[in-house]
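The structures come next, written out as structure tokens.
Two complexes, one shared chain (subunit A), two partners (subunit B, subunit C).
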Partner chain A sequence: MLGSVYAMVALGLTLIYGILNVPNFAHGTLYMIGAYFAYFAIVSFGASYWVALFVSMALLFVAGILLERIVFRPFYDKPLINSFIVAVGLILVLENTALSLWGPEFRQFSGPSEKVIKIMGVMITMQRVIVILTAAVMIWLVHLFIKKTRLGAAIEATSQNPDGALLMGINISHMRGITFGIGTALAAVAAVLVAPILLIYPAMGHTVIGMAFVIIIVGGMGSFIGAVLGGYIIGLLETIVTSYVTNFFTEAIIFGLLVILLAVKPTGLFGKSHG
Partner chain B sequence: MDEGGKVMGKKKKAIILCILIVIILSIPQIVKDEYYLHIFVMSGIWIISALSLNLILGYAGQLNLAQGTFFGIGAYATGLLMQKMGLSFWVALPLGCLLTAVIGFITGLPTLRTRGHYFPIATMCLGIAIYYVIARWDDVTGGARGLFGLPRPDPINLPVLGALSFESTQNCYYLVFFFVCLTILIIYRLISSLSGKRLIAIRGNEDLAQALGINTMRDKVICFTISTLLAGLAGGIFASYMGSLMAENAHFVTSFEILLNVMIGGVGTLIGPIIGAIFLPILSEELHFLGGWRLVVYGIILILTIRFLPFGIVGGVRILLGERFKKEG
Partner chain C sequence: MKGKWCCILVAFFLGLFMVMTSPPVVASENIITIGYSGPLSGGGAKFGKNLQMGLQMAVDQVNQMGGLEVGNKKYQVRLISLDDQFQTALTVSNAKRLVHKEGAKMVFNPSSGGIFGLMAINEKEKFIICAYTTNQVCVTSGNKLIFRGPPAMMAYVQAWANRAMDKHGWKRCAMMPDAYDYGKLWSGLFEKYWQKKGGIITTHIPVDFMKVSDYYPLLTKALATNPDCILIGSSSEPDAMQIKQARELGFKGGFIVIERGKLEEMLQFVPDPNMLNGSIGTCPLMLYPFPAAKKFIQKFKEKYGKDQIPVHESSIAYANIIYYLAAIKLAGTTEDVYKIMSALKDPRLMKMPLVKDNDPYENEKIFPNGAVKGRVLGVEFVKGKFSEPFPVATPDWVFTEKY
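== the complex of A and B ==
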């Protein structure tokens, strides 16, 4: 279940990284914003869960395009460090806006079904099944989009070689905007899916973004399959460590493992070498 | 510039420096308001942390997003040594710094192997991991409740002036001033030395630096370790001055605040982080009426600064003065 969420967040992150060459530190914050949008769609406007999911996804898609356009675009030809710091600035802006507008308290909305079902002798809530299935469908859709459509092919081309793509007549700026939108929309879906199980609060993105970065490093930055597999591996690992070892230092153990992995193989398990 | 001009320049600089020191030293005599003195003390602590980050970011070009965490480690180490072991501040502080530097060294070894994008990410993950250890290790760090009742530094006995106690904000101001000067001295010595030049070479092009026979890994690790030591120093002073610690002090928001000081002031210069660390706490007081929106404004200022003034206030002043842009070495 956790694995599905991580896989989606990491997938969005890795798409953005692949095409913008920017590690978007604000991704977790956008994930949080997505959850709040859905919350207000449901609580204030009485939308159904699935409508809220769609609304939040659409809003975050637009937000992603706007952010890319306004915040990140001026920095493409600048030193990398500038983009990092801009992303950090974005976290400050978004998170504290959420904190000021909506307060620090925990919120929750319920999923479409509270039922508990039994699969092969294991009790599992319906929401968890929904999370797993929806995530799988979303990942599959993104995969189809990139591999089977012209737009997807253009995005892939841009990520492989921006200059080459430009020569082929691809509008790189558009591709970057769209990719950013898709990436943030994926984060929104992940957040809305998991919100009925976990809680919504302004700092909810912190752990997730940390984990997502662990995943795309483990999976290799910019690698599609690496992000998805890495997501499931880390989700499983976290569950195992929490259940069998300790639930106090789970994050510390996972981040510790990451640091060790980086020391041994700095480009990740599936990664290509970097310059 | 001929030799005479250089000497003149040096003399002028020395005079300006002396005047500045006199002004800074006389501030507590003029400003009697405890509250403003408190802000100045905090500025001093931020100056030390900003300078420590600037060392690794501005000179070696490595964005360490765990600087606030090392600040927190130094703070907790010093605080715990004083509280649990009953050590004096003057023993606890160096030990706390040393411990921070050891942790910095151990964590620097694997993280500094990474380059480009991976280093900020690795340090951010590191920061989150250490934050969780501090926030959850209830038995030692007090967990989410925090650490309370830390003593101020013990009085020191001066031969002529008698015992100097640090109960008053005024004396803490002088204490912090001393450590700021110490930090500036350490960093100044370091960057004017050959290893400072090597660090700048690494910032420029790490592969090229390596090809020229610089042991980039060694220089980076040394720089990182000193940088964490100084962050620990700032943390240790903070712990004793404030008397209480929260896990939030080690959170990556602290790293962001330090980063903000460096970037607003002017990264890669010695004076920039100092200006930033004086300017921001004052700005922060002015913006107090905004409440939680204060940090939103911070974020916007940060983004705009990077966009239009990549070298912060110092860079802006240089453009205004029309000076040919050159970075201080």
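== the complex of A and C ==
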């Protein structure tokens, strides 16, 4: 369950990194905003869960495009550190805006079904099944989009070689905007899926973003399959370590493994070496 | 061109930030400053805001009455709040700023870690700590400039354990307290008392509620030990999620809720109130039968709106500011912290009209070590409803002795 959420967040992050070369630290904050949008769609406008999911996704897609255009674009030809600082600044701005607009209190909305079902003697709530299935479908859709559509191919081309793509007549700026939008929309889906199980509050992105960065580093920066597999691996690992070893050093263990992995294979599991 | 826009945007946000954080300017020079350092953002923000509402309410009320008369001078009171996100290092630097730059003689702080940090410097830098914690060490350490608002932890520990064992016959308890200072202390005291009464602690799994995103793995581990009840306690909403998930996993037993979690808040976060059945915790302020508590609730709703549910954080913080201001009045000084401190412990304090008319708990006294002798009630959730409140025994030793 955790793995599905991680995989989606990491996938969005890695897409953005692959094409923009910007580690978007504010990704977790956008995840939080996605959850709030869905919350207001459901609670204030009485939308159904699935409509809220779609609304939040669409809004965050647009927000992603706007953010790329307004916040990140001016810094592409500047040193990388500028984008870094902008991303960190974005966390502060968005999180404090959320805090002052919506207050610090925890919020919650319920999923389409609160039922508990039994599969082979294992108790599991309907919502968890929904998380797992929807995540799989979303990841598959993104995969299809990139591999099978012209737009997707253009995005992949831009990611592999921006100059080459430009020569082929691909509008790189558009690609960057769209990718940022898709990445952000994925974060929104992850947030809305998991929100009925967890709680919504302005700092909710913190836990996820740390893990998402570990995942894309483990998986290899910018790698699609790396992010997805990395997401499931880290999600499972976290659950297993928490249940069977200790819940105290979960992060220490995961980060420790990351250090070991990087020592052995500096590009991550599926990363390409620079060239 | 773009650079210019960026500058304007940055300047705008800076301006906004300064407007939002700067204190209201008070025209007169005669000001008493109350400092508050607490979690105003991050996972503890709700808790910090509840406290802030109580503090602000006391300050506004005194100002509305025309200020505080000390000697022959009238003073206005102001509250300055700084965010420390429960981080001790920030608490200490906030306190220094509050004391040296803003002129506060008292700093209110709600975390045991932060309070220990402040205790290392407060006697040297001459400021009073108003400690919002049930931790006993802060009043038994000999620090002369500290007073503690909430009741002693031990009172809760014993009352909850007694109720669980004597009324329900629960023997096996799985402890899942919060992983910080407070949870460690609480569960430590609980474990000793529970075992002394013949109970068994089946497992001890500290939960880091600021980080944990899913309770299933932890609960699975706890439920595997077959407990009659689970000790939980981080903060209302995470507690509610923990209870909900435990019920989803088929747990039928009870919950012992450390007093930071509030049953009335948890009620809003579970789909079915019956999930909370068998939970033992502090009695909601709304159900306190004291007339003064009822009066406080009414004032609170007038100020913050009908839908706001006042919780103990707000009312205890409110009461503490009232005590502090009354002590300044009694001591006749706004500067000498030692005189203010001894006025706080003066038996006449609780009889002053300012205190008598406002203290929601009608508390009896403040001990020489700075602990307020609080009155506490517990409650249990039975068949989807709150039970009648039951009294929690608070003999003097739980406030004064080291344990």
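The criterion applied here is as follows: the second predicted complex is superposed on the first by the 271 of 275 C-alpha atoms of A that agree within 3 Å, B and C clash if a C-alpha of one lies under 4 Å from a C-alpha of the other, contacts with A are read in each partner's own complex, and residues count from 1 in each chain.
The working rule: a contact is a pair of C-beta atoms (placed from the backbone, for glycine too) under 8 Å apart; a residue touches a chain by one contact, two chains touch by 3 or more.
Everything numeric in this text was worked out from a predicted model, so none of it was measured.
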Fit or clash between subunit C and subunit B when superposed on subunit A: clash
Partner chain in contact with A:167 - subunit B first, subunit C second, else both or neither: neither
Which of subunit B and subunit C A:88 touches, first, second, both or neither: first
First (subunit B), second (subunit C), both or neither touched by A:100: both
Touching partner for A:207 - first (subunit B), second (subunit C), both, neither: both
Subunit B or subunit C, by number of subunit A residues touched: B
Touching partner for A:260 - first (subunit B), second (subunit C), both, neither: first
Subunit B versus subunit C as contact partner of A:25, first or second or both or neither: first
Touching partner for A:74 - first (subunit B), second (subunit C), both, neither: both
Residue range of subunit B overlapping subunit C upon superposition on chain A, of 79-87, 187-195 or 241-249: 241-249
On subunit A, the residue positions that both subunit B and subunit C contact, one per complex: 74, 93, 95-96, 99-100, 207, 248, 251
Contact footprint of subunit B on subunit A as seen in their complex: 17, 21, 23, 25, 71, 74-75, 78, 80-82, 84-86, 88-97, 99-100, 206-207, 210, 213-214, 217, 221, 248-249, 251-252, 254-256, 258-260, 262-263, 266, 274-275
Of subunit C, residues touching subunit A in the complex: 2, 6, 13, 20, 40-43, 45-46, 48-49, 179, 205-208, 211-214, 216-218, 220-221, 237-238, 241, 248-250, 269, 271
Residues of subunit B defined as touching subunit A within the complex: 57, 61, 63, 65, 107, 109-111, 113-118, 120-122, 124-126, 128-130, 132-133, 136-137, 252, 256, 259, 263, 291-296, 298-300, 302-303, 306-307, 310
Subunit C-facing residues of subunit A, complex: 1-2, 74, 93, 95-96, 99-100, 103-106, 108, 110, 114, 116, 123, 125, 194, 197-199, 201-203, 207-208, 239-240, 242-244, 247-248, 251
